[in-house]
Amino acid sequence: MFSKVLIANRGEIALRVIRTLREMSIPSVAVYSDADRAALHVRRADEAAHLGPAPSSESYLNIDRILDAALRHRATAIHPGYGFLSENARFAQACADAGIAFIGPSAKSISMMGSKTEARRVASAGGAPIVPGTLDGVTSASEALAAARHAGFPVMLKAVAGGGGKGMRRVDREPDFLAAFDSASSEALRSFADGRLYVEKLIENARHIEIQILGDRHGNMVHLGERECSVQRRHQKVIEESPSPLIARLPELRARMGEAAIRAARAAGYYNAGTVEFLADNSGNFYFLEMNTRLQVEHPVTELVTGLDLVRLQLSIAAGHPLPFTQSDIVLRGAALECRIYAEDPANNFFPSPGRITQLAEPSGPGVRLDSGIYPGWTVPLDYDPMLAKLIVWNDTREHAIERMLRALGEYQIGGIQSNLALFDAILRDPAFRAGNLHTGYLDAMLQRTPFTAPPPPAELAPLAALVASRLPNSSAATTPPATTPPAAPASRWLADGRQNLMRKERTR
Amino acid sequence: MTRRILINGQPVDPHPSATLIETEPGVYSVLVDGVSREARLLGNDIFIDGHRFTFEFDDPRQWKRNAGAAAAHGRATIAAPMPGKVVRILAAAGDEVAAGQGIVVVEAMKMQNELKAPRAGRLASLDCKENDSVLAGAILAVIE
Amino acid sequence: MFSKVLIANRGEIALRVIRTLREMSIPSVAVYSDADRAALHVRRADEAAHLGPAPSSESYLNIDRILDAALRHRATAIHPGYGFLSENARFAQACADAGIAFIGPSAKSISMMGSKTEARRVASAGGAPIVPGTLDGVTSASEALAAARHAGFPVMLKAVAGGGGKGMRRVDREPDFLAAFDSASSEALRSFADGRLYVEKLIENARHIEIQILGDRHGNMVHLGERECSVQRRHQKVIEESPSPLIARLPELRARMGEAAIRAARAAGYYNAGTVEFLADNSGNFYFLEMNTRLQVEHPVTELVTGLDLVRLQLSIAAGHPLPFTQSDIVLRGAALECRIYAEDPANNFFPSPGRITQLAEPSGPGVRLDSGIYPGWTVPLDYDPMLAKLIVWNDTREHAIERMLRALGEYQIGGIQSNLALFDAILRDPAFRAGNLHTGYLDAMLQRTPFTAPPPPAELAPLAALVASRLPNSSAATTPPATTPPAAPASRWLADGRQNLMRKERTR
Amino acid sequence: MTRRILINGQPVDPHPSATLIETEPGVYSVLVDGVSREARLLGNDIFIDGHRFTFEFDDPRQWKRNAGAAAAHGRATIAAPMPGKVVRILAAAGDEVAAGQGIVVVEAMKMQNELKAPRAGRLASLDCKENDSVLAGAILAVIE
């Protein structure tokens, strides 16, 4: 096993990896940018290496600086987490060249699956069903249009080098096609320095169901069941769960999708933990979407239903050990749900809300797992993804897991910044969610139907608020500068608060 | 004590029989008629069971704040909530705009965010243009 | 199901029950004494009822006041937790008489199992093996001595009405017998108003292994596997785990002990969750010890390995529902451990350390459950048992669970009072514990062998402490009154600190 | 700054190259030679990795504290750490006692606890008797 491991990441996932390393008695090395000196992953690691200024390009995305830190700290392996360099083949290769184990697949597998069109070809060759559309990336709009006509509208335009919803557009009618192509292509060029797009037929009301796989370097591979991630906003997952309500209804689907996932991954010579994403319709048809060649944000729901520690297994695979079990040893138990907690204001168009966390109460107790990267007094930096934590629960049934999540959300209080905690409460109480009637457009439709606004405060609570206020000195009200917008407009009040938090932050830096 | 307490702009008397203790800084345990509630003080807001109550003190000896009804007829501003880049302008100076209408799109934290008019009125000035980098708190537009 | 439930308890177990009630959408009523107005269970419950002054006899043990609170708040059921009135047959009967469901067994079952000699007779009649000794309580020392001679020394003297180690003595040699009898009998009289004792042969190097059972009101009963609770100090459990390392070695023992437990419980007409305690030797012989007719402190370890919510099941049974499963549905997975976190100083003879909690960092992440009743700023009252919280972990194997517990303990920081956190670190690293070589004398022997003292602080850290101190104003040192004992004696320093905390508490009350 | 820092009674210079930030009140993140440590300030003690360091400032302008070596030869007291009842006395006034020898047993929080001599010496006075109720901080015995 490795004598020391550097984690080329930040926030909750860095902490997640540190925890398993500590359990394995392997010293951990955190890395940090100027914006993260006080971050929890730096505090909790055994060692910490400074990378550079706040921008990712000069810190968490900077291969040279990360390798330099690893060599300086004598780390013999690097865990990339998710995001940042985790799916960067050049980084995986640079680690190998420097004699440092990359805790992930081979650079070659990353390359094959990193190109979305190449991944479609590999998966298809391996025998996994793919969504009808172009097998190759195209740069000309007319070529794309021809493919779209062939597949039939509506279609999806997607970036060949894509990820995270960038360079992705839904096109319902031919007249909108050219404008959508140009806009998606330029976004893809901006985001990935690669403007090529491909066309896929849109699977209406499709569910996003993904299979977690695990392969070792000796050719053994298993799947660990599915996660349903259909609750999305702007192509970003919001709630994930296992089992999928669809597969609970069609149980034989799990083995079929699991085998398709393994075929796709095998075709790429894959080892490490990985995720094969599918679109599925309610009849049980499913189509390969893409493969993520890294640990997934939502891996804890699989950990809770399988009882496995995926990070421990990643380390074991990277150290060359064979998988300690076969497919028949994998037993799924109960139901798990994950909520991604973001510093954003759902009542105000999900505006990011960085700033200082002034109060924090975290949920705990039976069946609750919190993978968090924050603490009271910490200032959420502007510079990175505003995810604060993941709240994951387990219980014997989906219904009980939902009840447990609602209980845990009720215990969770984040003060000083806006968070999306209240959004989850709304989703988890929505009858369509409770019934498991999900598709990737579910959340947008729900928010359209019932816009997320704070209900008017009950009048009988106002005298209690007045009682609290009556205990305060006059000065506590005077410390806050007057708002620039009238208090009658709640959205703007929240905006104003966000700004005040930011200004406080600027002063204290 | 001569000061009056305004909750969401309206004068409200403190509850006469509830009991209150501060358990953690800014966190209060309130017992009222056998019901247990938690109140959280954050800035000028008190949150009870997730509901926000904005409080003010209406004290004749104190500077009279005009944040209430008065301001609704005065100027409203749209400020950048964080450092970012202006990527789109959706209205022109002089336009009559509706409450909630998008005015400026700012990109920050890798997300595009539409800043909306806090209320209806005339867009008196537009103080930014596309591709401007803006600092937190910068006034981007004024509505009268 | 019940429309509202009152919890006749305090601290972490009250919170534990509140959590399940919230998940079931049942309003909860907390009760509190003058010492507990600010306690977490009062803050987290939907409703709260004041009972009376701090002494238990006027609050948590006062049947009339608790029933009055239940009636006032229109609670239709009462959960007793553990301790206090949970095994009081008169309380169970008083609930029934008041038309309030008692979430527990019948008053009759409590009575039968509440008398330790009666329990021995019932269990023996049901077919469970019992420790050789007297079947009846005796009041005369000579009668007891005759029984001791018959069983053979060493023997245990135990109070008929006993519990919590009160009125219990080990007697190794006949000459010590009479003094031990007098002292145990007078302690039993003081503690339980019943001086009767009984004699049991001492099972040398015995393990404490208990079986969790669950029975409904329709005659269905299952066992949920075992917990090993051999790590004890002064007859108080310190660490509990499931599976037992002994049963991991002798797997057929689980079914045999489970069946014996069910036989004993059936003989008492038992329903509700309950625990049958056994002594077991390393050859797999086991003897009925006693039955606890309530939820056990250590129930979470069983919840983690079985995936069941015992409180939810208790409510379901009390509402008259049949068990939703049979014995063959019970599947045990992985390994769970629990550490009981106390406000006590292991480096100073485990002296209780109530006072104000000034800093608190709680563990979280994969496989960690914290059932806690404290928060930063709260003052641990003098008036009750000094248990603060229970830290419970799960992992796929015992070895991995131990590693996870060590990781979680490393994240746990309680400042302002002394706690026994460091003790667990020492036990969990002890080779004998790691090997699973446990018996009820294990911990006393370990503490004898390696007295629990703080190691000398490493010299290379002193300049870091000086760096922290250099940032502080002079006044921060001057605020603390000079210690009454020299700093050279660490034990006394801790005493002094405890006193200062207490004095601060007295001032702030 | 002329003040010297004493750690566990010995003068120690602050680490010259470690960096330190206060992350939460009384909690410090220390980076030293690439190693990440946490320091916690509790009263007059600083805890680092579970080790306790007691600090003092040795400032000539300040009242000179004599808690160090001087006190070891002076009086030591045994005080009740909490309210409770004296259930047993294990030594008599005038006895020579060893460090760690039990002197008084106090029952509190349902537990009997033996209070031990903090150092060797003569039991100069015994200020309690069996069945006494004692308050927190009450001096029960003095060793000289």
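Each chain gets a letter, A, B, C and D, in the order it is written, and its residues are counted from 1.
Operating definition for what follows: a contact is a pair of C-beta atoms (placed from the backbone, for glycine too) under 8 Å apart; a residue touches a chain by one contact, two chains touch by 3 or more.
Predicted model only: the values in this text are computed from it and were never measured.
Colleague: Comparing the two chain pairs, does B-C have more C-beta contacts than C-D, or is it the other way round?
Modeller: Higher contact count goes to C-D.
Colleague: Nearest whole angstrom, what separates the Cα centre of chain A from the Cα centre of chain C?
Modeller: Roughly 40 Å separates the two chain centres.
Colleague: What is the distance in Å between the mean C-alpha positions of chain C and chain D?
Modeller: Once rounded, the distance between the two centres reads 31 Å.
Colleague: So what's the Cα centroid distance for chain B and chain C, whole Å?
Modeller: Comparing mean C-alpha positions, chain C is 50 Å from chain B.
Colleague: What whole-Å value do you get for the distance between chain B and chain D if each is reduced to the mean of its CA atoms?
Modeller: 51
Colleague: Tell me, which residues of chain A touch at least two other chains?
Modeller: Answer for chain A, listing residues that touch two or more other chains: 44.
Colleague: Among all residues of chain D, which ones touch two or more of the remaining chains?
Modeller: 24-25, in rising order.
Colleague: Can you name every chain pair that touches?
Modeller: A-B, A-C, A-D, B-C, C-D
Colleague: Spell out the residues on chain C that touch chain A in their complex, using ranges where they run on.
Modeller: Residues of chain C touching chain A: 15-16, 19-20, 22-25, 44, 300, 303, 307-309, 312, 331, 333-334, 362, 364-372, 394-396, 400, 403-404, 406-407, 410-411.
Colleague: Which positions of chain C touch chain D when the two form their complex?
Modeller: Chain C residues touching chain D: 349-354, 358-359, 361, 382, 384-386, 413, 415-416, 422, 454-455, 457-458, 461-472, 474, 477-478, 480, 482-493, 495-500, 502-503, 506.
Colleague: How about chain D: which of its residues touch chain A in the complex?
Modeller: 21, 23-25, 29, 31, 34-36, 38
Colleague: Under the touch definition given earlier, write down the residues of chain C that touch chain B in their complex.
Modeller: 29-30, 37-38, 42-49, 72-73, 375-378
Colleague: Within the complex, which stretch of chain D touches chain C?
Modeller: Residues 1, 3, 5, 7-10, 12-16, 18, 20, 22, 24-28, 30, 32, 37, 39-44, 46-57, 59, 62, 65, 67-68, 71-72, 76-77, 79-83, 99-100, 108-111, 113-116, 118-119, 136-137, 139 of chain D touch chain C in their complex.
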